[in-house]
Amino acid sequence: MPLLTYRKALNDAFAEEILRDENVFLMGEEVAEYNGAYKVTEGLWKRFGSKRVIDAPISEAAFVGLGVGAALVGMRPVIEMMFWSFVYVAFDQLMNNAGCVRYMSGGLANVPMVIRGPANGGTNVGATHSHTPENLLANLPGLKIVCPATAYDAKGLMKTAIRDNDTVCVMENTLLYGEKWEVPEEEYTIPLGVADVKREGSDLSFIAHGRAAITCLKAAEILEEQHGIRAEVVDLRSIRPLDEAAILRSVAKTHRVVVVEENKPFCGVGAQIASMIQEKAFDDLDAPVLRVSALDAPAIYSMPLEKMQLPTPERIVKKALEIC
Amino acid sequence: MPLLTYRKALNDAFAEEILRDENVFLMGEEVAEYNGAYKVTEGLWKRFGSKRVIDAPISEAAFVGLGVGAALVGMRPVIEMMFWSFVYVAFDQLMNNAGCVRYMSGGLANVPMVIRGPANGGTNVGATHSHTPENLLANLPGLKIVCPATAYDAKGLMKTAIRDNDTVCVMENTLLYGEKWEVPEEEYTIPLGVADVKREGSDLSFIAHGRAAITCLKAAEILEEQHGIRAEVVDLRSIRPLDEAAILRSVAKTHRVVVVEENKPFCGVGAQIASMIQEKAFDDLDAPVLRVSALDAPAIYSMPLEKMQLPTPERIVKKALEIC
Amino acid sequence: MTSSSEEKNGAAELGAKVNYSATPVNQSLTAEDKILFLRQMYRIRRFEQASLKSYNQGKLGGFLHLYIGQESIAVATASLMGKHDHIITAYRDHGHALAVGMGMNECMAELFGKRTGCSKGKGGSMHYFAPDKNFWGGHGIVGGQTPMGMGIAFAMKYRGHKGSCFAFLGDGAVNQGVFSESLNIAALWEIPVIFVIENNRYSMGTSLARSSSIKGSLAARAEGYNIDWELCNGADFYQTRAVLGAALERAHEQNKPSVLEVSTYRHYGHSVADANAKKYRTEAEIEEYKQFHDPLRVWQKTLEDEGVLTEEMATSIDREAKAEAVAAVEFADDSDFPDPSEIFQDVYWEVDNKTEAASTGRYFFGDGAPA
Amino acid sequence: MTSSSEEKNGAAELGAKVNYSATPVNQSLTAEDKILFLRQMYRIRRFEQASLKSYNQGKLGGFLHLYIGQESIAVATASLMGKHDHIITAYRDHGHALAVGMGMNECMAELFGKRTGCSKGKGGSMHYFAPDKNFWGGHGIVGGQTPMGMGIAFAMKYRGHKGSCFAFLGDGAVNQGVFSESLNIAALWEIPVIFVIENNRYSMGTSLARSSSIKGSLAARAEGYNIDWELCNGADFYQTRAVLGAALERAHEQNKPSVLEVSTYRHYGHSVADANAKKYRTEAEIEEYKQFHDPLRVWQKTLEDEGVLTEEMATSIDREAKAEAVAAVEFADDSDFPDPSEIFQDVYWEVDNKTEAASTGRYFFGDGAPA
């Protein structure tokens, strides 16, 4: 299988879906002529033209709202937030319109829209540019949240998200855009709500999403090599819908859990997972469910400290050893 | 002690703080000449004039931002969201400016601002008007979140919030505005971060905030009368800072916990509390920490169903009996 | 644009001088058409009064924003809409709903929170929808509907339809940032959206002068975005219809947006819960509008003057409208509330439709949630 | 407002015809003042170039938005500010920072993420602050600083100070809704805020024509809010200073807001990471601006023509600026990174100041968090 970057895998997903369905269009700041701030949409404007790939002014609230309106009448907008951090200026459109309009219409309407872009820290851009709002959005029934950790997942999940008839928020990661993974040449999709066991293990379960899953894989290696502990890594892939069954299967096997996320700890995704596990697998647990999150401060700029602020393999290993 | 409504207690807090500190001003839609959509600011414009009590256009982002700017130079804005549900149009100003500016300035700046208003469902106004964003805001280190359950708490916490040198989000409740509690005539304040045990008990702990604490008191009565179970009710009062010690004290006493909130369940405040308790009091627990939240859908309009959607005493009792 | 900003800002008063009944869009109207418009205004008015009565009887709760006094605008709009023309508005949405053809029954039942309501009792007064009639709500967050309206119009153009979307907002709503953002995008991309500001002079208890700094009019702000704009007097049905019609033509023929500001007045308070309704407006002002600028009365008078309508006809139209409203209340009364299990329906399309996508992962959490 | 919209939209070109050096605000300038302005422009330019070099050496990361080509605007602004005049801008903030008197050392150290940085290495390039110099940042979210600037100006008026706030934004930022909302409030409440649009013709790779639908100019949108507005040519220091000065007077004397649009150009890409900097703009265009509209060059020439400055003086000013920048890089290099424990500092004022409020409840959660 060819090795593809996360970026290219996404790019291919867009191209394939644009070709497949004439209702699909991409919209966002600098996505067209500039090829995207992070080059995720490179070449697509040239190939598909201004009708399908559209540069927008810096008016996130209006163009997310435009997307909702277009989706109501059957279009399939794929809207880029140059950074998910910028979604707060468009938050109302996402929470009240994309998220609630189906309910408030008694099911008469639906909003088949994708909002996508990177949501991560670790790139020296400071607090305003390093938000990870997956927990905020997942709080609202009506929205779906996807956080792919690999190029393979990114492509398969993105294609599914675009075909989904509800609003899907896809959180990418600038630190992964340049990383390569095997991606099949033939078409494939990955369903939302199916976690991926990225590494099998018997002693301990890491539950993670997005780039944290990759960090867990590194931690699992260290644990195996240095401590003889075999950790399982469950990559959630989607936060809502959530594959609770996969989490509980892993817990039943290992009896020990560390939930890892780049999210901030307070009411983060890890809180939900930990609370769910202790409720549904109380008797399976040999130790409390522990959590590793971003250190609890706004994202710091300073380079070495910023690296420490996100979960590192070392911090994860240390946490794992507390219960192993 | 005189009985005062929650509404009047807040009103008194504003009047006292306006008199105490000339930097304090109230701002929001209809807070002045109209006396407030829910009459919380009744009479204050007449008494203190247009300099201190200011009607704003329907531009939440701009007047929250105005508040941040004014607070930077030492003013103490008290800004009303007519409903906290409307904060999503101003979310960026709260998250990135109020919440992050101190950090990004290396501590050179601070934002002594209060944002307040009702945040609750249960009043037949549908999904767009029934959001409870305490968990979303508490996720961000930099903001403080307070959810008073009684008139006494509302007044004491509001006065503290206004004097606090960081941004405090105070979530009131329209269903409580007309309820009465004893409120002393002499001045008092209540520190943030101190939970209040609203009822002592030995068999089970309810951990709750805002109106859910009142509902827990009703549930506790039923449990005592009908089942001989003595439930303790811990009212968190503030979500961030959080009185973890008080929670853990109660758990150590009762060994059984139900966390109750009007928040939506996924990544709600209850998730954070449950995850914390199982981590820090794993061996104290005789049963999993259970949760009661709003039923997991956008707020429904239909009157009888809306009542069911919020935690009811009956639902709480049922949940408690699962572990008692 | 043909006329200058100053001229236009004075246009609403000058309106009377132009014979709007002779504009192409109005000239072709038959007597039946004209009577139908009156009937629709009566239907809206009687529906609103019936809902107010039901509210006062405690049969419904929450907010109730009455459209009485503004009926001409929704009726004129609906009368112009073709297959690919859409409409979206804010929470004061009953008039638009009835004008596009929604039934009183499902509208009343929605207020009562019944499963027979247009939104199955889930949305309430502020959140009516009828996609089959190109009516996209009913939205509770001030200004939030404006970019959605633009998106619907965008889709019409994308698909090559001769279509548009009328996006309504209030005089207070123009100060929501997303509306300004939408003006820029609509103009930049030539999107056939028609923003209609229903200027009833107040946003809750705040007069226009206390909410907005303007140069002559709110619509004149469109000038800065190079968007065509017009003012008109909502009490003059012909004028309103002519101005709306011209904007629609601009949308259909040139894919161009418009901003229209229609002066109007709400006879009642902001909502039924508005205890101050008579404090921030003088009795005299309210009376003046009811007596001399009520679009229903004015239109009825116009038709009588034209000899199209007799007093008896008007009385019977009114009687029918009242009867229909009474029947709608009965229908709503007799309908059932939704079943508690329905709380978890209509959240996700994929779940409701039991698709493959719904079979993987958990969608709902906490008590009562289907696995 | 005196002149019509059309006249003003043409004013920037006509600018040359007015003798701005003779306006009161400029007439009183001494030779030293004028040379100081040149020195400040050189300092900004050399600082930016040194930071670029450091970036290319991998000493800093993230974004780096250079102000080269726009220096006159920040320098003219700072030269007008009194005790109660404040300033706030976006992420392209180094020029404003140096102009108001921040040292190159703490500015460079901030880029390097060092604890000696102006924000202790916590904010980075986009988030400089110096409250003691009335400089309120440095803000990363496009347009987000505009209402804050209004709030600062609001506070000056509230306190009865003769004060103001200059709130800067880019030509792309005008399309953020919160800016429009702020225009309305500033005008409605007569807040002495001066919105300065630094129109460098591009927002990232998007030209003004592709981002904004306008009537003549961006600033002309202020007309709809009944706000005074002016255009000016940023390459003409006297003109820029005169226009800014007039707005400041309007703020001080009448508590009135202004919208100013200063035409300018950035010689470099949007940020250092902008790989396309030479794709969306032609080489010829960039060269044209560098050659003929560079505010530093133009100002130097003006002073030489006035006989205030010799070539030698200019050379030594430049040499000093370069040396200062080199020293700043050394300073930044030699400084320490913050200690990991500092991650949890500067989040809450009450915690940092160990007040009673900090003694109750838990403020931080998860790993490493102080209890």
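A, B, C and D are the chain letters, set down in written order, and residue numbers restart from 1 in every chain.
What we mean here is this: a residue touches a chain if its C-beta (ideal position, glycine included) is under 8 Å from a C-beta of that chain, and two chains touch if they have at least 3 such contacts.
Since we're looking at a predicted model, the values are computed, not measured.
A.B. asks: Quick one: point me to the chain whose Cα centre is farthest from that of subunit A.
C.D. replies: With centres defined by C-alpha atoms, farthest from subunit A sits C.
A.B. asks: Could you tell me which pair, B-C or B-D, is linked by more C-beta pairs in contact?
C.D. replies: Of B-D and B-C, it is B-D that has more C-beta pairs in contact.
A.B. asks: Taking each chain's centre as its mean C-alpha position, how far apart are subunit B and subunit D in Å?
C.D. replies: 39
A.B. asks: Express in whole angstrom the distance between the two chain centres, defined as the mean CA positions of subunit C and subunit D.
C.D. replies: 44
A.B. asks: Using CA atom averages as chain centres, what separation in Å is found between subunit A and subunit B?
C.D. replies: That pair's centroid distance is 30 Å.
A.B. asks: Report the inter-centroid distance (CA atoms only) between subunit B and subunit C in whole Å.
C.D. replies: 36
A.B. asks: On subunit A, where are the residues touching two or more other chains?
C.D. replies: 57, 59, 61-62, 85, 88-89, 92, 96, 103-104, 126-128, 141-142, 240, 264-266, 272, 291, 296-298, 300-301
A.B. asks: Two-or-more-chain contact residues of subunit C, please, as numbers and ranges.
C.D. replies: 119, 121-124, 127, 139-141, 144, 175-178, 181, 184, 188, 210-212, 347, 364-365 - these are the residues of subunit C that touch more than one other chain.
A.B. asks: Which residues of subunit D touch subunit B in their complex?
C.D. replies: 86, 88, 117-124, 127, 129-131, 136-141, 144, 146-156, 158, 165, 177-178, 181-182, 184-185, 188, 345-350, 352-353, 355-357, 360-365
A.B. asks: Would you mind writing out the residues of subunit C in touch with subunit D in their complex?
C.D. replies: Against subunit D, subunit C makes touches at 175-181, 183-184, 187-188, 210-215, 220-227.
A.B. asks: Taking the complex as given, what residues does subunit C use to touch subunit B?
C.D. replies: 60-63, 110, 113-115, 119, 121-124, 126-127, 139-144, 172-173, 175-178, 203-206, 210-212, 276, 280, 337-338, 340, 342-344, 347, 364-369
A.B. asks: Okay, in this complex, where on subunit B does subunit D touch?
C.D. replies: 25, 51, 56-57, 59, 61-75, 77, 92-93, 96-97, 101-110, 112, 141-142, 144, 160, 164-166, 191-194, 238, 240-244, 272, 276
A.B. asks: With touch defined as at the start, can you tell me which subunit B residues reach subunit C in the complex?
C.D. replies: Subunit B residues touching subunit C: 29-30, 33-35, 37, 55, 57-59, 61-62, 85-86, 88-89, 123-129, 264-266, 291-298, 300-306, 308-309, 315, 319.
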